């Protein structure tokens, strides 16, 4: 197994961890973290695929850079929504199943 | 400087740098309270980075690389000093609140 | 021997990254999760450098470890002040773990079985792109549509964020109204850092035509510099509607669009750069885009307009 | 030489793992933050060595990280101050501190 495979599999593992965090947590800020783990794991998987031949393929690199910036903008918007929710209702968690109308 | 000597300098200096980093981490793990941990760490890791940067400098091919290395260390020192001061104060004010 | 060590290094990086990600996902407590996520961003930058993707490492380091860190830490502080720090234990763990594990398993299968896609040969188009850094050529020339639309998406995210302001606070300055003790450590740091950061950010854009760097990488560094200056109380956060700031936000996408249209006039077609104009046009768009990216990202971290309750000295 | 640099990088990563343990156990927020700071400095060291080992372009990344090494910690002290925008050095008891005491 090559070092590149190690990093690609790391990326795959990060996506799994991110999905777990996204689904299991009720606290919304932790869901943002999960979302970011999924995104960066995907980038790593993609980037490792582009690094199988040297020099590293610039097309994935360019797409990943724009992806990182867009993921950040999405996170900033999500965080602003969460803080607005917290200011309005005093909570930053999703309602429990039983509380939903 | 002959190749061999530069390599020896790099090996020795990066080795010393690693020792400082390890010492800083041991301090971070073993010291009993927040403020002594802060103290252990800011000194150790900056000296460590200094030696690593010096060691890398012996392998540099031109002056711009040396200049970048120097700048990296200077910026890291500035950041560490600022952070140590600010976080210590924040910790002082937070005590009892958490 | 060295080959084994090479693999060892990759294994160590992979293990550390997975450990920090696991710690950020599992475990109780928001603050700890946030700090782990910051270290995760830093480690990821190291991995990108390890892969030889230095442009990505630069963007990930600045955004992952710097900007996202500030964003999440400040959000944690805001939730604390709104008494909304409650972090209920994870629920439906088994189903969530199964979902995550199955996606991971599918990707592992894909990595080892799917064929290597044909690599696009960039040697010939690179000669006509006018720049030496292939990442810059892809961003601003070969895939200029993507980049143009992305700069507009960034702007849309910022406008969406501003829309979350309360009516009564609409006229207030953006963000929590940073302040710092005059002559204190933070103020001094805020004075020392921006000049260096400014030079470095501009150099990244300039050098980005031929080596590591470019509009996005330089823009993220400059965003961080603006943010440090604001947090140190050196620069005031603007209000929504401040003309100079609006101009800075629209400058990049605007110049990009105009340059794209101008290319039709010189015979290239929208956003299609003829080789003889490629270099100057690329550098012009990059410079304009850098300014807009820097301001947009900084304001995204600062947040919507907010009434400051006291302490605004 | 390459052999030695690999060893040093592995050593630095080991030291980094130790700091991660402190992020996990805390107990104070300042503990976690300082450990993250140490991780940042260690990461810069790793990048400097990767520059020697692989390509000097890694120095550009190390420089960016050094430039922004203090950002997260500044965000932390801002968030930890009573109004979320302050500076821990402003110790004169102002209106914000009084409000803080009431909680």
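Some notes on this structure:
Each chain carries a letter (A, B, C and D) given by its place in the written order, and its residues are counted from 1.
Simple rule for what comes next: a contact is a pair of C-beta atoms (placed from the backbone, for glycine too) under 8 Å apart; a residue touches a chain by one contact, two chains touch by 3 or more.
Keep in mind the model is a prediction, meaning the values are calculated, not measured.
Across every pairing of chains, the maximum count of C-beta contacts belongs to A-C.
Comparing the CA-atom centres of all chains against that of subunit C, the greatest distance is found for B.
Look at where the CA atoms of subunit C average out and do the same for subunit D: the two points lie 19 Å apart.
If you average the Cα atoms of subunit B and of subunit C, the two centres end up 27 Å apart.
In this assembly, the C-alpha centroid of subunit A lies 14 Å from the C-alpha centroid of subunit C. Residue positions of subunit C touching 2 or more other chains, listed in rising order: 6, 9, 13, 50, 52, 67, 71, 76, 78, 185-186, 189, 193, 196, 217.
Multi-chain contact residues of subunit D (touching two or more other chains) are listed as 16, 29, 33, 35, 60, 63, 67, 70, 74, 76-77, 80, 87, 89. In subunit B, the residues that reach two or more other chains under the touch definition are 71, 75, 78, 82, 86.
Pairs of chains meeting the touch criterion are A-C, B-C, B-D, C-D.
Chain contact summary for the complex, subunit D toward subunit B: residues 1, 4-5, 8, 11-12, 14-16, 18-19, 21-22, 28-31, 33-35, 37-38, 41-42, 44-45, 48-49, 51-52, 56, 59-60, 62-63, 66-67, 69-70, 73-74, 76-77, 80-81, 87-89.
Considering their complex, residues 71, 75, 78, 82, 85-86 of subunit B touch subunit C.
Residues 2-3, 6-7, 9-10, 13, 16-17, 20, 23-24, 26, 29, 32-33, 35-36, 39-40, 43, 46-47, 50, 54-55, 57-58, 60-61, 63-65, 67-68, 70-72, 74-80, 82-87, 89-90, 94-96, 99 of subunit D are the ones touching subunit C in the complex. Residues of subunit A touching subunit C in their complex: 1-27, 29-30, 32-34, 36-37, 40, 43-45, 47-59, 61-66, 68-70, 72-77, 79-84, 86-87, 89-93.
Contacts from subunit C toward subunit B in the complex involve residues 185-186, 188-189, 192-193, 196.
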